[in-house]
Amino acid sequence: MTELPLVSRYAKLLPPDEPDGPFLYATDHVVTWGDTSKVGYLYYSRLIEWQGHLRELFALDFLDEYVRMLLQGHLMLTQSLSCEYLREIDLGDTISERLAVSWVNGPRMLGDFTYHRATPSGEELVARGQQMWVNATPQGHPAPWPPSVLDTCRQLNIDVAEALTA
Amino acid sequence: MTELPLVSRYAKLLPPDEPDGPFLYATDHVVTWGDTSKVGYLYYSRLIEWQGHLRELFALDFLDEYVRMLLQGHLMLTQSLSCEYLREIDLGDTISERLAVSWVNGPRMLGDFTYHRATPSGEELVARGQQMWVNATPQGHPAPWPPSVLDTCRQLNIDVAEALTA
Amino acid sequence: MTELPLVSRYAKLLPPDEPDGPFLYATDHVVTWGDTSKVGYLYYSRLIEWQGHLRELFALDFLDEYVRMLLQGHLMLTQSLSCEYLREIDLGDTISERLAVSWVNGPRMLGDFTYHRATPSGEELVARGQQMWVNATPQGHPAPWPPSVLDTCRQLNIDVAEALTA
Amino acid sequence: MTELPLVSRYAKLLPPDEPDGPFLYATDHVVTWGDTSKVGYLYYSRLIEWQGHLRELFALDFLDEYVRMLLQGHLMLTQSLSCEYLREIDLGDTISERLAVSWVNGPRMLGDFTYHRATPSGEELVARGQQMWVNATPQGHPAPWPPSVLDTCRQLNIDVAEALTA
C-alpha cells in the first residue's frame, strides 16, 4: 500500500513510515522570532500548539461529517498529551510536523506527532509527542467513533480493529 | 469622587487619573521567558493578548448580566485596536496594566489601556493602547448597550452621555 | 512593472495592487479551533500574532544580511501597530495575509497588512492593519536602514525616497 | 515541617501535600474568553503555557543566582512534558496551578503540576502534568545543578539526595 489514498487540501499526505503503518499528515512550520524566547531557541509550548493546529487541519481536511457533529455539540476530548524534546530548534528552521493516528480503541484514538528539521543533507528528528483523544456525546459520555471517521481511518491504513461499533 | 465604587474580585480598582475621569481596572503581569523572544525583550503581541485578558476580567467582574447575554449569542465585537510601544519591557519586569473606559457613544465603547513598569522609585509608562468595541445583536447588528452595562459605567464614572437608550 | 523581482522561499510574492505600488508578500492561514474563542469566531489577537509571523518570514526570506545584524544585537523595534476588524472570521476559513511595505522614512518603515478570505467567487477583505518599525542600534538609538535593506526595498518597488543615507 | 520557609514575591507558597513532601508554589488563573475555543471550554494548550509561566515565576522568585547564570548562556532544558485532562475547564473558572518539584537526580529535575478549580464547597482536581528539566552548560552538556539551586530545594523540602555534586 503505497498510494496516497485521499486528496488533502490543507496539508500533505506522506506515505507510511512502515509497510503496514498509517499514512502521515504533514505540514511545515518556519520558526520566526515570535516562536522563540530570550533563551534563543523555540519556546517549548509552541510544539504543543502546533499539535493542535495539525490535528484540527486533519479534521477539516478528512472528517467533514464529524466536523459538522462537533459544531452541533458533539465532543472530541483531549485526554492526555506528552512531548519529548530531542534537539533545540532555532530561528529560521523549517520543521516538518507529521501526525500519524496509530490506532482507534473503543472511544479512544492515539495520535503520534513527530517533528523533523530540514537539513542540507536531509532531515533529523528533533521532537516527538502523543495525544490521546476520546470521542464523547454532547453530555461528555465516551462513545464509539462514528462510521464516517472509521471509514477515513481505514483509507489512511489506520488500525481500527479494536474500534467499537455503535 | 475618590471612593472605589464597587468591589472587584479578579483585579484592582484604582482611583481616576483625573478628578472627573473613570476609575481604572488594573492587574499585574510578571514577564517570564515565555513572554519574550530571541531579541531578549517582551514580544510585542503579548501586550495585545493582555488587553484581551484584562477586558474580559472586567466583564466577569462587573458585568454579570451582560456576560449571560454573551453566552446566549449576544455579541461584543472588537472593531479596532492600536498599541504604542514606548520602552522595551524585559524579563522579570512587573507591569501594571490598566483599563479605563473613556466613553460610550451609541453602540460603541472606547477602552484605553496603559502599561506601567514598577521601578525602585515608583513607576514609568512603557506602552499604551486602545480598543473600540461595538455591542451587537446575535445577528451582528449594532445595538444600544443594555441598561445594566450603562449602570456599571456610571458607577465607574464613565461618560455615557452619548449612549443610546434602547 | 509586473514581474516578480525576487524568489521567495517561505511565502508568495504577489504583484502590486496599484501600478506603482510595492509588491505584496503573502501567506495563507487556515483557521483551526485553537484560533477561535468560545464566542465562535477567530479571537482578535490572533491577527496580531499573524502580523509578527509574516513580517518575520519576510525578513528571513529577503533580508539575510539584516537578519545577521539582528542576531548580533542590532534592533528593529515595533513602535506602534493597529488593526481594523471588518468581518468575523470563522473556523475553516482560509485567510490570505499580505504585507506591503508602503515607505521607508528616516529610521522608520511602515508595513500595511491586509487579510482576505477565500470565497467561492473570489475573495473579500476581512481585516487590515499597520505596523511602524524603527531601525535602531544595539543601544536603542534610531539609525538609517542599512543599504542592503534599501536595495531589497527598491527591488520590491517600495518607496525609499525619504530614507536617510548613513 | 509546616512553616513556609521562604518569602515569595510573585506567587504563593503552600504547605506540602504530605508530611515529608515539597512545598508547593502556586498561582491563580481566571479563565477568560481568550483561553477558550469555539468548543466552549479552555483550549488544551493553555495549560501547557501556564506550566511555563509558573516554573519561570518560580525561578524569578527563588533562584536569583541561577537566573543570572541563565542570562549568561547557561541552559535549563525542557526534556519532556506531559499533561492529563481530568475535567473540562470553563470560562470564569478560577484555577489554582501548583508546582511541586519532586526530586533532583543528577542533572535532571522533575516538576509536578496540578490544577485545582475553586468550587463553592472547596476545590477539585481538574488536570495534572509533569515536566522534566535538565541543567546544562552553554554548550548543551548536562551538568550538576549549582549549589544555590540545591540550597533552595532543601529549604523547600525537595528531595536532592540523588543530586550530583559538582
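For clarity, chains are labelled A, B, C and D in written order, and residue numbers in each chain start from 1.
The rule is simple: contacts are C-beta pairs under 8 Å (C-beta built on N, C-alpha and C of every residue); 3 or more make two chains touch, one makes a residue touch a chain.
Owing to the predicted nature of the structure, the values given are computational and were not obtained by experimental measurement.
Visitor: Which chain's centre, taken as the mean of its Cα atoms, is farthest from the centre of chain C?
Guide: Farthest chain from chain C, going by C-alpha centroids: D.
Visitor: When contacts are scored as defined above, which chain pair ends up with more C-beta pairs, B-D or C-D?
Guide: When the contacts at B-D and C-D are counted, B-D has more.
Visitor: Where the centres are mean C-alpha positions, what is the separation of chain B from chain D, in Å?
Guide: 30
Visitor: Calculate how many whole Å lie between the centre of chain C and the centre of chain D, each centre taken as the average of the chain's C-alpha atoms.
Guide: About 37 Å, centre to centre.
Visitor: Residues of chain B that contact two or more other chains, please.
Guide: 33-34, 39, 43, 45, 49, 52, 91
Visitor: Which of the residues in chain D come into contact with chain C in the complex?
Guide: Going through chain D, the ones touching chain C are 33-34, 36-41, 43, 45, 91.
Visitor: For the complex, which residues does chain A have touching chain C?
Guide: 10, 30, 32-34, 49, 52-53, 56-57, 60, 67, 71, 91-92
Visitor: Help me check something: in the complex, which residues belonging to chain C touch chain B?
Guide: Chain C residues touching chain B: 39, 43-45, 48-49, 51-52, 70, 75, 77-85, 88, 140.
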